[in-house]
Every structure is written in C-alpha cells, then in structure tokens.
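You will see subunit A twice below: alongside subunit B first, and alongside subunit C after that.
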Partner chain A sequence: MRQVELEVLRYNPETDREPHFQRYAVDCQEEWVVLDALNHVKETLDPTLSYRWSCHMAVCGSCGMMVNGEPKLACKAFLRDYPGVIRVEPLRHFPVERDLVTVIDDFVAKLARVKPYLIPKDKAPEAAEFRQTPAQLKRYKQFTLCINCMLCYAACPEYGLIPKYLGPAAIALAHRWNRDSRDGGRDARQEELAATEGAWECSFVGACSEVCPEHVDPAGAIQQVKIESTVDWYQAHLMPWTKK
Partner chain B sequence: MARSNKPIVWGPFATGGTLTAFVTPALVVVTLLAALGAVPDLLAYERLHALAAHGLAKVAIAGVVFLSLWSAAHRLRITCYDLGIRADTLVATIVYAAALAGTGASVFYLLRI
Partner chain C sequence: METHSADVAIIGAGGAGLRAAIALAQSAPSLRIALISKVYPMRSHTCAAEGGAAGVIKPDDSLEHHFNDTVGGGDWLSDQDAVDYFIREAPTELLQLEHWGCPWSREADGSVAVRPFGGMKKQRTWFAADKSGFHILHTLFQTSLQFPSIQRFDEFYATDLLVEDGRCVGLTAIEMRSGQMRWFDARAVIIAGGGAGRMFPFTTNGAIKTGDGMALAYRAGVPLKDMEFVQYHPTGLPSTGTLLTEACRGEGGVLLNKNGRRFLQDYGMGPETPLGKPVLKTMELGPRDRVSQAFWHEQRKGNAIATRWGDAMLLDMRHLGEKTINERLPLVRDMSISYMGVDPVTDPVPVRPVVHYMMGGIHTDINAATSLPGLYAAGECACVSINGANRLGSNSLTELLVFGRRAAVSALEYLQQGGRPAGGAALAEAAQARVRELVQRTGGTESVAGLRKEMMQAMEEHAGIYRSGEGLAAACAKLGELRQRYRRIELHDKTNVYNTDLLQALELGSMLDCAEAVVQSAAARKESRGAHQRLDFPGRDDRQFLRHSLAAYAGEGPPRVSYRDVVITRSPPGVRDYSGGHE
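For the complex of A and B:
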C-alpha cells in the first residue's frame, strides 16, 4: 500500500466558468492502474467525478485520457510507472463535456463518412460464406485491431492544427476495408481519403502509431493510402484509358 | 469531396525521400574517403567526369538531383507550416522554385561537360 497524488482536471459546465485542477490523495496498491485510482476516488472521496470506462482490459477503448500529458488508456497506465504527482486530463484536441469526459461527435461523424464496413464486390456465395486465404487475411488484420479509443487523435499535432483533417483511426479503418479481398468499396471511400482533408493533411509525424495501444500503426496505413492515391492520380491524369 | 492534386508534389517527394535514404549515406562515405585521401581508382575525378559525359548518366544525375532537392523542399514546406508559418502558398512557391533552380543549374553544368 502506498499513497499517490492525483491532479485531475475538473469541469462542470453548469457551475464552472473555467476548468480547474483538483488534487486527490489516494491509497493505492502496487498493481493499480490510473483507472483503479479514479474508481477509488469516485467510490470513497468524490462521487461527482465523471469519466468514461467500461471493460478495464484495453478492449472497449473508452477510458482514453491524458496521463502526465500523454494520451493513454487509463486501464493500461500503471501508477508505479509515474513518480510524483500524476496529472490526469481529458483527451487533448476534443471539447470537454464534463471533467474527463470529452465530446467525440467529430470522430464518430468522420468514422461514418469513410464507410467502415463491408461493401461486397461480388454477391455472397449462395448458402455459404466468403472464403479468404490466410494471406488475404494478413493484408488487413492489423488494421482490424482498432478499438476507437481516439488516443491517436489526441497525439496528432496535425489534427490539433486542422480540425477538418480526417485523422489516423478513420483512415486506418477505411484502409482496413480497402485491403479486404471481399470488399469493392474503395472508389467510394477514396472520395474522403484522397481529399485534401483526407490522408493529405498528414505530414508523417508518426505520433499516432507511437501512442496506439493496439499497435494498429495508423501512420503506416496513411502512408499506404498516400501511395495508392498517388498511383490513382497519375493513372487518372496521365493514363486515363487504364481506368476501369 | 474533390480529390486532391497533392500527388503532383508528393510523388517526387516520396521518391526523393526513398532515394536520398540510399544515396546520401553512400555520398557521405565517398566524401569521407576522398577527404582522407583514399579515393578508390574507380571514383577518381577523371573517371567520374567521363561517366558524367555519357547521355544516360546525365539524365540519371539530373534525376537524382531533382528528386533530392524536391524532397528537401517539400519537407521544409511542411516544417514551416508546423512551425506556425501559415503562408503556405508563398512558402511552397519559394522552396519549390529553389529546388527547380538547383535542378536547372545541375542540368546547365551537366550539358557543358
């Protein structure tokens, strides 16, 4: 048992004009993560503290927050890795709804725009399922691991500068379906991906891939989208007859 | 949404970046060797001069110079934006013009060989 100091950003839109920090001293156990400490605060010290969480095992993607200035899943950030006072803030680049809860409408709308679902190329085989080889699965599997936690948006300086930018996870998820052998929706998704606010706002900082808790490597996906969009462009403008 | 025309400038940038990743270390090694006075016979001035006199070699050298300069120019443009200089069109014009001027100079000197 040891004690840690949490410095948590508080904001109640009904009573506060500005967000402010509040300190809590928490008796914690060695194996606790930041989320355990927050739960302890809410249960024993201050029931008004608001934050999102659900699974406590890095699957649901809802407990993303800034821990000492870095985007982290609160359920994966071990207290023992942080000496001194631990500062906990809502995810950067998103408006604050209340305390650690952010407004995520922008991301959800962008995700919907890239059509992150199967748009079948051929009709599904009669009374059977589509088949894929392990090699075909491997082409996109990594990009399926995204849990929509938005840590990559909090890490991306371009998204901070240009809020219209489609952003890492939405591009990686669009790319996931583009690389699926059953899918035929790439043309429709290109309308978003190949736009200026699509992959082209990315200047390859790479921070998204560094903070991604699921090792999706969205930065890699974005660069692949750029290469494919470049090939498209040269085909459309220099060799229009090759376009189907 | 309209598709972007960014590929025009990004294509040579990406190609140049990949190219310089290979060419630059080789140039560093060769320059160091030359500085130490240990120039392999194959890389002697006369030999390289003769190589550059060949038409295909001229095209290749001009291509390498263009792609490397362009890649550096584009990187500089993005860095300017990230550093807070938001006059993107002006910056782009200056850095790309510099890359093209450098390419023009190399073409000029290559043609005189």
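For the complex of A and C:
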C-alpha cells in the first residue's frame, strides 16, 4: 500500500473557463498502474472525472495520456516507476474534449485517406487462401501491430507544428499494406504518402518509435517510405524506361 | 431532436457489427447504413481476443468433427441446425478475412497455420500470433473504410430501441461529445453489442462489456436465452483478471497444483500426457468448464497455491522454450511480466479461473432474427445457439463473422419485403425524457459505484463456477432489491460533455437487468450442464432440461422464465469424454 499524489488535468468546457489541475491523494496497491489509480479516484473520490479506457491489457488503445510529461498508456504506466507526484494530462497535440478525453477526429480522417485496406494485386483464389510465406508475412507484420493509441502523435514535434502532417501511425499503416505480398495498391496510396504533408514532413526525430508501446517503429516505416518515394522519382524522371 | 435516417442501424462496431456493416455495404451500395458504437470501432473488445478462430481448412479435418466437438462441448444444448450452418460457413468467412488482408500466421508453404484448442479434436484454430481478435478487428475496421455508405457514429451510446406497431423502427443514442440525444430513424436494426462479463468483479472483459445490447433487446420484449451459462476461462492472471490464452496450453503448457501435480488427470481428463506433447481433447486440452471446475475442487482440497490475490494454480510453459514463447505467445509473455512480474520462460505463472464469456444472450433464430420484426442480433450479445452450455474456445470469433454476415442478409431481406409504419418520434421523445430525468434527478440516495459493487459481490458469491439453490435464491432477492434501489441513484455529474458518470449509470442499469436474468434462469435450471453446475442437482437431466431457458422482461418484477426445445438433428445427447480413452 502506498499513498500516491495524483495531479490530474481537469477541463469541462461547460463549466471551466480554462483547464486546471486537481490533486487527489489515492491509496494504491504496489502493483497498480496509473489507470487503476484513476479508476479508484472515479469510484471513491470523484465520479465526475472523465477519461477513456477499456481493455486494461494494452491492446484497445483507449487510455493514452501524458504521464509526467510523457505519452503513455495508463494501463501500462506502473506506479512503481513514478516515485513522486504523478501528473496526468490529456495527450499533447490534440484538442481536449473534456478532462483526459481528447478529440482524435483528425487521425481517424487521415487513416481513411491512406486507403488502409487490401487493394488486391491478383484475383483472390477460389475457396483458398492467398499463399504468403512466413518471410513475406514478416516483411509487414510489425506495422500491423498499431493499436491507434496516438502516443506517437503526442510525441511528434512535427505534428505539433504542422497539423496537416499525416503523422507516424497513418504512414506506418499505409506502409503496412504496401509491403503486403497480396497487395497491389501502392500507387493508389502514394499520392497521400508522397505529398508534402506525407512522409516528407518528417524531420526524423524518432520520438514516435521511442514512445510506441507496441514497437511498431513508425519512424522506420517513414524512412522506408521516403526511400521508396525517392526511387520512384528517379525512375520516373531519370530512368523512365525502368518503370513498369 | 436531431434525427438521422438510415435503412439499417447497427449497434456495435466490434467484430460482429463491422462484419454486418461490410456485408450490407457490399450487397446494396445504395443502402444507408448507420454504424453506432459507444467506443471507436478499434476499441471494441474483439481486440482482446488472443487465441484464434475455428474453421475447418486442413485435409485431415472434417465438418463432421467440428460439428461433434461443438455439440459435445456445449453439452448438447446447442441447436444442431445452427451448428451445421455455422461450421459450413466458417471456412468461407475466415478465407474472406484472409482475402481482406488479415495477417494470419502461416505454414512454411504459405498456407494458413492452425493450432490446437481446448475441446477440439483436430487442429483447426486459425491464429495471428496471440493477437487474433486484434487483427480481425483492425482488418475489418480498415476494410470498412472503403465503403462510403457506412456512416459511423463513434462514441454514441444507444439508450433505447423504438418499437411501434410490433416492429423495431429505430433507436435513440446519446452523442457523448455533446451529451445530446439523437434519434435514429431506421427501417431495421442489428444489435452487435458484445458481452456482459462486467457483472462480475473478476473478469477478462473490458470496461465496455456491460450487456447494453442484451438489455436493449430484453426491455424491448425479446427474451434472453440461456443466460445461466457463464463461461469461466481457467487461466486468468490473479492480479488483474487479464487472460492468458488457451493457446498457452494448445502450444503445450500444463497446469499444476501446489504439489506440482498435473491434477486434471484426477478429474476424468487423464491419463497424463507427455510433457510438451499435448494430446487433443485430453488433459490441458479439455473444455473450459471442466478445467475450471477441476480447479474449484482442488481449491477445496487445499491443493491451490496461495497468492496475494487469492488461490491459484500454476501454468507451466517453461519447457516450450524462449523461441516458441516469443514467436507464438509474445503477448502472454509481455503481460505475465508486466502484470504479475513472472516470466513464463523461467517460471510457472499463477493463474485462476475468471469470468470470460456469455453463452446466453438475445434469443435469435438460425437467421439471426429476433422475435421482434425488424430487429436482428449477432455476436456475443446474441444466442443462436451454437455454444450451448459451454462455448469451445475459438468458436466465438468465427461466430461473429458468420452471424454478423447472416444478420445483414436477413435485414436486407426484411427491407426488400417492403415498408414499415412511419413514426417513432413520440417514442424518441420519451426516451430522451427518461435520460434527462436521470441526469437532473436530485435527492437520490444511491450511488452508481455502490450498487455496482453490491451486484458484483452477489454474482461472484452465488453465480460462480458452482451454484446452489439457496445461494441463487439469495442472489435473486438481492438483484430484485438492487433494481429497486437503482431508481433512486443520483448522479454527481450533471453536465453534458462526455459525462462518464451518466454512461456508467446507464451501463449499470443494463448489467442489473442482465444479472437478474442470469440468476433467475440459474435458479430455475435444476440440473448441472456445461458451465451451469448446481451442488444440489449434480447430474444432467435431459428429460426436463434438454431445453433452452428464455427469460422475458417483466418490468419492475423478476423475468418470467420459460423453456424451448433444443434442435437435435443427428447427435443424440451422449457422454462428454475428455479422457485419453476416447478414440
């Protein structure tokens, strides 16, 4: 048992002129995560606190928030890693809807724009699967692991400056489909990816990959997209005969 | 009130709801589809499913095997015509997902890989490492983005179905962002609202699994079927209830008591199989009900190990080796380390049975249609029933797909049959007034958290792995009382924007209704079958209870429980044999 001081950002657009911090002293179990502490607050101290959560196993992607200034999943931020006061805020770079709840419409719209679905290269086999070897699976598997938690957007300085930037997760997901041996949709996605607000906006800080709880490595995806786009450009402009 | 008109409104954007939406969009592109979900689709609890989805694909397997495993696993309470439809459609649906790009794990030759699962005679569980549900959900969600006719209403909480002239004509839902009520004027409605495990304190189910979909249909006059059958999964982490998938045992993990004995051999599932060589339908690959019950007995005998979070057994995976664990069970390793501080590569992991899945739900026929014209249901909230008294692991994900699609086809057929009475406005107003009253109520004496806690306690104490007439009577009385007291709750938060105090109050209302249906149905079933075990009626009683229970909503009082025959086509009730002796 340990008493934890939580300092939580509160903001209700109906009643607050501006955001403020509220302190809660919470009796916590040693093994708890920040989410457990918030749930304890909600149940016993203050039912008006709003935040999102569901699975408590780092797979639904709901509970992204800033914990002591860093983007974290509240269900994976262990209290034992935070000896002092724990400051909890909504994810950076997103409009605040209320308390720890952010508006993520922007990402949801961008995701749709990169066509994150299979655009089949060949007709699907009749009553059978496309063959895909474990090695072919491995080429894109990592990029399928994105839980859309938005931590990378909160960490990305570029997204903070230029909200039009597609951003790490959307690019990683587009890249996931491009690398799938069953897919032939790269050209269709390229328009978004190679646009100025696409991968080129990234100045390769790499913060996105550092905070990603699923080890998706969006920064790696962005680099690969850039290289491939460069190859495209050379092929189109300098060696047009090589283009299929 | 702002109104949205749709041809079909779908409540729920998990596996079942998304599958239904895509089927509708594909078959009739001009259809207006409203996909309504209280969370963003990718937050739906389908994402938590780990192990995989069953469907016959390999040459050594057959539909007949899948049929027999499912029917026997369900202790003969499954409707056999529905099971037949299900197993026939299963491979097609799983292949469809493959064609949409689902990253299924593969064999060296590039074909999809399958793994063993509890109660299955052959290897037929398709998987994507140990994040199968996650990949299914994201594949469906991302695929759905190519259909402009699917209009999404993310973070809209459905409060009421609108029923006029004996037909379902739409629903009302609260837009969380504004707190405003919206009226969905829909010609047909599909409910895909998921399970209700949150009635219990210790569960693998996420916070959103509060039985709203079931309660919506129930209050609208559709009975809830077989609600007494609640599945305990044998292997949850004692600290958080987080699931360690059955694939741990499918891959060769074994269960030990405090003396290091593989105790399942003492409960009709032996003889002991060689370590690291799991035998299908034997020992650790027995069905969930049997394995969870065996733990209960071990606990009574004093053979459990004590942990800070209560009694547990050990899941030993050390002999699988680091490579296999990393490749096949990466999430399991990660969660065991994170939430229990135990690395399965070097130590056995303490686990205990945990509430996992609702076999029961909204009564539908084999076409996913409810008794209310215009209303369909699919997924965990529905009960067709293919799962009978005990679902086999990995049948549920497949069920979402098969019956999600089936619900869409049925809804389309219904629309094609023609018109429906206009209206619903007055009903929508009434629904809005009810919620407004709840928000504005003052002088209430009860709190959401308080009632919720009492409900969970009653369920854990009396509606668990083993039940008694006495305990269930107490639970029935308790739930009746809690439903009365529910009418006197008062919210702390009376504002509009993203009011989770209100949301939790409404969810509690759903859970109380579902919980009462569970305990009333359990009290009425005086036999033991599958996941429903009565200490006072230890045997299966086919003469009286080879029937589905139907709990019908009766307003303030307890539900009326009646029965309906099980459909038996070719497998007469037999003995469930999970000993090594079976052929």
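Brief remarks follow.
Basically, the second predicted complex is superposed on the first by the 244 of 244 C-alpha atoms of A that agree within 3 Å, B and C clash if a C-alpha of one lies under 4 Å from a C-alpha of the other, contacts with A are read in each partner's own complex, and residues count from 1 in each chain.
In this text, contacts are C-beta pairs under 8 Å (C-beta built on N, C-alpha and C of every residue); 3 or more make two chains touch, one makes a residue touch a chain.
Quick caveat, the model's predicted, so the values are computed rather than measured.
Look at A:P157: by the touch rule set out above, it reaches subunit B but stays clear of subunit C. When both complexes are overlaid on chain A, the residue A:A194 reaches subunit B alone and has no touch with subunit C. In the superposition on chain A, A:L173 contacts subunit C only, with no contact to subunit B. In the superposition on chain A, contact is made by A:I227 with subunit B only, not with subunit C.
Touched residues of subunit A were counted for both subunit B and subunit C, and C has more of them.
Looking at the shared chain after the overlay, A:K72 reaches neither subunit B nor subunit C.
Using the contact criterion defined above for the overlaid structures, shared-chain residue A:K110 touches neither subunit B nor subunit C, since it reaches no partner.
The touching residues of subunit B, counted against subunit A in their complex, run 1-8, 10-11, 14, 78, 81-82. Subunit C makes touch with subunit A in their complex at residues 39-40, 42-45, 47-48, 92, 95, 98-101, 103-112, 131, 134-135, 138, 142-143, 145-146, 154, 177, 206-208, 239-240, 242-243, 331, 334-335, 338-339, 341, 447-449, 491-493, 495-501, 504. The touching residues of subunit A, when paired with subunit C in their complex, are 12-15, 31, 42-44, 46-62, 76, 78, 97-99, 101, 103-104, 108, 111-112, 115-118, 120, 124, 127-134, 136-137, 140-141, 144-145, 147-148, 173, 177, 180, 182-183. Remark: subunit A residues 157, 161, 190-192, 194-198, 200, 203, 226-227, 229-230, 232-234 touch subunit B in the complex.
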